[in-house]
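The following pair of complexes shares a single chain, subunit A, combined with subunit B in the former and subunit C in the latter.
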Partner chain A sequence: MTAAWRLLLGAGIVFFVLLIGLPFWWVVTGSFKVPQEIIARTPTFIPRSFTLQHYDLLLSASAYGTYLLNSLLVAAASTLLTLLLAVPAAYAFFRIEFRGRATLYRLILLAYAFPSIVVLVPLFATFARLGLVDTRLALVLVNTAFALPFAIWMLRAFFAQIPPEIEEAARLDGGPPLVVLWRILLPLIAPGLGAVAIFAFVSAWTEYVFASVLILTDALRTLPVGFAGIIGQYQVNWGLLLAGATLAILPVVALFALIGRWFVTGLTEGAVK
Partner chain B sequence: MTGAASGRQGRLAALLAAPALLLLGAVLAWPLLSAVLLSLQDVRIVGSQGAFVGSANYEKVLADPAFWRAARLSLGWVLANAVLQTALALAAALILHQGFPGVRVARTWIVLTWIVPTVVVVMIWRWLLSTSGGMINPLLVSTGLAERPVGFFATPEAAFMSLVFINSWRWFPFIALMILAGLTRIPADLHEAARVDGAGPWQRFARITWPLLAPTLAVLLVIGTLLSFNVFDIIWLLTGGGPAGSTRTLPVLIYETAFRGYRVSEAATIAVLSTLVLMAFAVLATRSLALSGADR
Partner chain C sequence: MTPRLSRLIAAAAMVLPAPVLAQEAVEVTLWHMEQPPHRVARIQELIDEFNAANPDVVVRQEPQNWGEIYAKAPAAIAAGAGPDMLFAIPDFTPILKDLGALTSVEDFVSELDARHDFVDSAVEAYSYDGGVWAVPLYNMTMHLWYRPSVLEEAGVAVPTTWEEWRAAAEALTADGQFGMGLPANRHLYTDQTVYSVMLNGGAAEIYEEDGSLRFDNPETVAAYEFYQSMMPFSPPDAPSWTWGEAEACFASRSCAMILQFTVISTYETQAEGDPADLGVAPIPVREAGQEPGTIAYANAVMLLSPEDSPEREASERFIAFLLEPENYGRFLNMEPGLFMPVTADGAEAESFWSDPVVQEYRSQIEQVIANSENGKLFGFTSGRVFPAIAAISAQNVLAETLQDVVVNGRPPAEAVARGQARMEELSQ
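Right, the complex of A and B next:
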């Protein structure tokens, strides 16, 4: 590698670290600064003050804690349901030969070819008839439905990597297909499960549109919708809003620190196969 | 495989796939069909009944300048995002494909912008770009790059470009990882052979990386188009379609028509028209990709 090339690479790395990292650095450190420092004319890179007053106000004066809990609940349930539905479906699609499976598979991927807002109006009417409007279950169903096609597609690569002999041997040992799936195949596709879990959790965690229409009671609001309300209410109380942003980032970052590697593998492996 | 065995296999497959298909049918397919029905009726408030009016809604929408303006804005939105997003993603993917200390950490954490809620993304950038306080404007003014704070959302053009930047900022890492996957698929010995033959980095990129990566990029362009067309929350939360309707893309128009204007059937009509265009685009694009042998 020539010196000029190395310099270019270094400059590129610095550019992307700043592009992605700097906003988050400012937000997280800003949430601990006193108000005077936040609105200072010359922004400080390294904070000069430390306070928890924004967090105190956020958690005592608004229903932020409730929103956070609702979001965690909805995202966790959506993740679980996505895994429960996607694994058997992916197994059926990629390990079992049946007529029409190619057509069905293509139909499923069409789920991303229309604007999701299209289904919002009819879905609201259907959910109203079923008594599902204003329940967190409605959000779980919607989030799962939108995560499923991608989840099934992602698991494909992981199922494809398992040599057929392993499954064959397990079946000859006398296990019915479901036991083989549970005991032999699931441990082999663990990274794929991690990738799907992250995708489902993140989709549910960030979803705004459906949550804003399908939930009417404030106490059932998820974080994106609740926080949007707080933003409208505390327009220029930047400290409070920065604290809210930091707390909203925290859970996904923690999850990503645990199994983020798997997600990246899942995404890249999925595209390879 | 004997007939009986394949029949049993088929039943097992149906049983395993049924729960997922049922949910997809109930939450996606059925409402999609209902939207088509709604567009042929005259329903005003969500959940109420309306008379069958045939193609009246379609005639009304197609004669409405607001629809065509939103369609033009959506086209501009998709194109601008495609350019910025792909350029950033390609550069990031090429960097992540190199070996440098910390590359594994970088590959994982690059998607940080995608895993936080859009409402947080919106809040972050509204603060950073704010004219009163914020971060970017004080920096621009104190370094002398701007005389007075820049109104990033004040004029129609500025608001549109700011939104494109923020949306691309959120999505480019996701696309970058997909491109990275395409890059790792290119056999390393091709590069090695070219290096032995004396090809420089630029030549290797132009002769090996680019041609072999083109199919991946084409597929991602289709996916990216669908993704950016659908973006609603970033626009709605940042500008609400303004100023002066300059960021009212089709999804925003659909939402406003249904939930602000209480003209549900008209909203469904716009939605059906958008879906038809998007699906036609997706089918045509994937077909031409398949013909050029890039499907795989």
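Right, the complex of A and C next:
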């Protein structure tokens, strides 16, 4: 690579880092500024003031902590359920021969053909009959239902990339299908599981429409809905908004820190000798 | 009953705590859209007082969001999970009325009117089709906010006519400051600012007496032309504004003037907070001599429990409690300077005027109340309400028409004609 290319590449990387990083910088540093500095006519890139008043107000005078906990519970449960259902479903689509397999595999993506708002009212009525309105379980079920088709598609693609020799070898050693799936195949598709987990978690973490309608009581609200109410409508408390946004980023950042590395792990590195 | 059974029951009565045997309290749920924590806390304070004074009733609040309530309330009511009381604005009520979820509260409103004397326009906004469909609670009206020192420095007087307003905005647009912050977003805020200009240009009526639309008329076109002529003096991001951005623009001194319900809270907490340098005036009129008016949202509460049910009776008691002068001021001051009284005794209540922020900004609040005398809301001006106004309002057609002018560059006359066609389409 020539020096000119290296320079160009470096400039490109810096550009994208700034493009993605600057809004985060703005939000995080803004949450520590005094109100006057946040809305100052000339914005300050490096804060000139420091205060924890927005965090103090957010955590002491609002139910932000409750919303955060609800979001964590709902997102974690949705992620777990999505993985529990997507793994066997994707394995079945990959391994089991049955009539209509290819058609069904394509059809599951139809779930994304309809805007969620279209199913909102019928879903509310159904959940009301089942006694699920105003429960976290309702959100877990909805989030899972919407994450599942993509999760199945993704995991099936990961299964398909596993060299068949690995599974055959395990079978020849007498491993039953479930043991082969659990002990041999799942470790090999760990990057896929990580990607699906991140997708399911972030989808559930940011879901607004269903959470805003299916939950009636304040104590069960998730973060996006509860937070929208905290910051106000006619009067916006910008400090509160920035502090809440900063705290809301943290769980997602933590999740990426924990399992993001799976993305870069070699899929079948060293598996076949 | 055998003597043994009688003894057992008597023994149980002695052992069990009294509340178990007493009649259970009636539980009623209030849904409102005042979600910021300090407003929820103030409402809870009043609920706690009411519950303590009325042991046979338990009121619970569940704050909701304006953004979702139009979809959520009908779904919840249809599923039998709706509240007993629900806050409303005039164009929300017809939706629930058409679903059959409301019964008239005319008798209850008359009773409260005799006791507190409602502002007539507040009741009128909910009076149609032979009934009164909600109990007025508070008023919100829009005004021209400015800093006297900024106008003085530029040698500009507070504008009272459109011509003066445009000249002032032009003179004040200098040195990084914009003369007049006006939104052009397809949003309720823009509906409100556009209608405030229309109202002061003689285009208050959207409907003819027979219910046909009269949006497309020379006065409306003139209002849009004027609004368009003001946009060069507004910040370039104004086409995406909601209320918060406008207030931030004013608080940061980037906008010399804005149209807003109130800026007191933000000015006090996020700007310099000097009451002597905060001005509020009526929205300028098209020609001198006209009476200025403003858009007015009479917020109210709808009662959803069946008539003659214990829940209905409990809800009425709670609302009557809120409107008592000793409580009403504290209720309104959950956001000082934003919510104005809709009763005569409320406007004089010690509980309203004794709030520290209200005391500090008393002259501004008195001006706001004076400006509110000629308050109107589009679609609710002729004494008859046509249900299609709910769809027209929900689709922000007034703002959409402005976007057609400001963003798409369509001539105002053409855009207004298209706006009327859109309203007709939504009315079908």
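Convention: the second predicted complex is superposed on the first by the 239 of 273 C-alpha atoms of A that agree within 3 Å, B and C clash if a C-alpha of one lies under 4 Å from a C-alpha of the other, contacts with A are read in each partner's own complex, and residues count from 1 in each chain.
Note that in this section a residue touches a chain if its C-beta (ideal position, glycine included) is under 8 Å from a C-beta of that chain, and two chains touch if they have at least 3 such contacts.
What you see is a predicted model, and the numbers here were worked out from it, not measured in a lab.
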Inset, instruction - State whether subunit B and subunit C clash or fit side by side on subunit A once the two structures are superposed. - result: clash
Inset, instruction - With the two complexes superposed on chain A, say which partner A:Trp238 touches: subunit B (first), subunit C (second), both, or neither. - result: both
Inset, instruction - Considering only the touch criterion stated at the top, classify A:Ala228 as touching first (subunit B), second (subunit C), both, or neither. - result: both
Inset, instruction - Once the structures are superposed on A, label A:Val213 by its partner contacts, choosing first (subunit B), second (subunit C), both or neither. - result: both
Legend entry - Which of subunit B and subunit C A:Ala3 touches, first, second, both or neither: neither
Inset, instruction - Would you check which partner chain A:Ala102 touches, where first means subunit B only, second means subunit C only, and both and neither mean what they say? - result: neither
Legend entry - Which partner reaches more residues of subunit A (counting touched residues only), subunit B or subunit C: B
Inset, instruction - Would you check which partner chain A:Gln36 touches, where first means subunit B only, second means subunit C only, and both and neither mean what they say? - result: second
Inset, instruction - Considering only touches as defined above, state whether A:Ile46 meets subunit B (first), subunit C (second), both or neither. - result: neither
Inset, instruction - For A:Val118, decide between first (touching subunit B), second (touching subunit C), both and neither. - result: first
Legend entry - Touching partner for A:Ala128 - first (subunit B), second (subunit C), both, neither: both
Legend entry - Residue range of subunit B overlapping subunit C upon superposition on chain A, of 187-195, 241-249 or 277-285: 241-249
Inset, instruction - Report, in rising order, the residues of subunit A that make contact with subunit B in one complex and with subunit C in the other. - result: 38-41, 117, 120-121, 124-125, 128, 209, 213, 225, 228, 231, 236, 238
Legend entry - Residues of subunit A that touch subunit C when the two form their complex: 35-36, 38-41, 57, 61-63, 117, 120-121, 124-125, 128-129, 133-134, 209, 212-213, 216-218, 225, 228-238
Legend entry - Interface residues, subunit A side, partner subunit B - complex: 1-2, 5, 9, 12-13, 16, 19-20, 23-24, 26-27, 30, 38-43, 84-86, 88-89, 91-93, 96-99, 101, 104, 108, 110-126, 128, 141-142, 144-146, 148-149, 152, 177, 202, 205-206, 208-209, 213, 223-225, 227-228, 231, 236, 238, 241-242, 244-245, 248-249, 252-253, 256, 260-261, 263-264, 267-272
Inset, instruction - Please name which positions on subunit B make contact with subunit A in the complex. - result: 1, 6, 9-10, 12-14, 16-17, 19-21, 23-24, 26-28, 30-32, 34-35, 38, 46-47, 91-92, 95, 98, 100, 104, 106-120, 122-125, 127-128, 132-133, 135, 138-139, 142, 169, 173, 177-178, 180-182, 184-185, 201, 216, 223, 226-227, 229-230, 232-233, 237, 250-251, 254-255, 258-259, 264, 267-268, 271-272, 274-275, 278-279, 282
Inset, instruction - Under the touch definition given earlier, write down the residues of subunit C that touch subunit A in their complex. - result: 33, 35-38, 40-41, 62-63, 65-68, 71-72, 74-76, 78-81, 140, 176-177, 243-245, 247-248, 251-254, 261-262, 265-266, 269-271, 335, 338
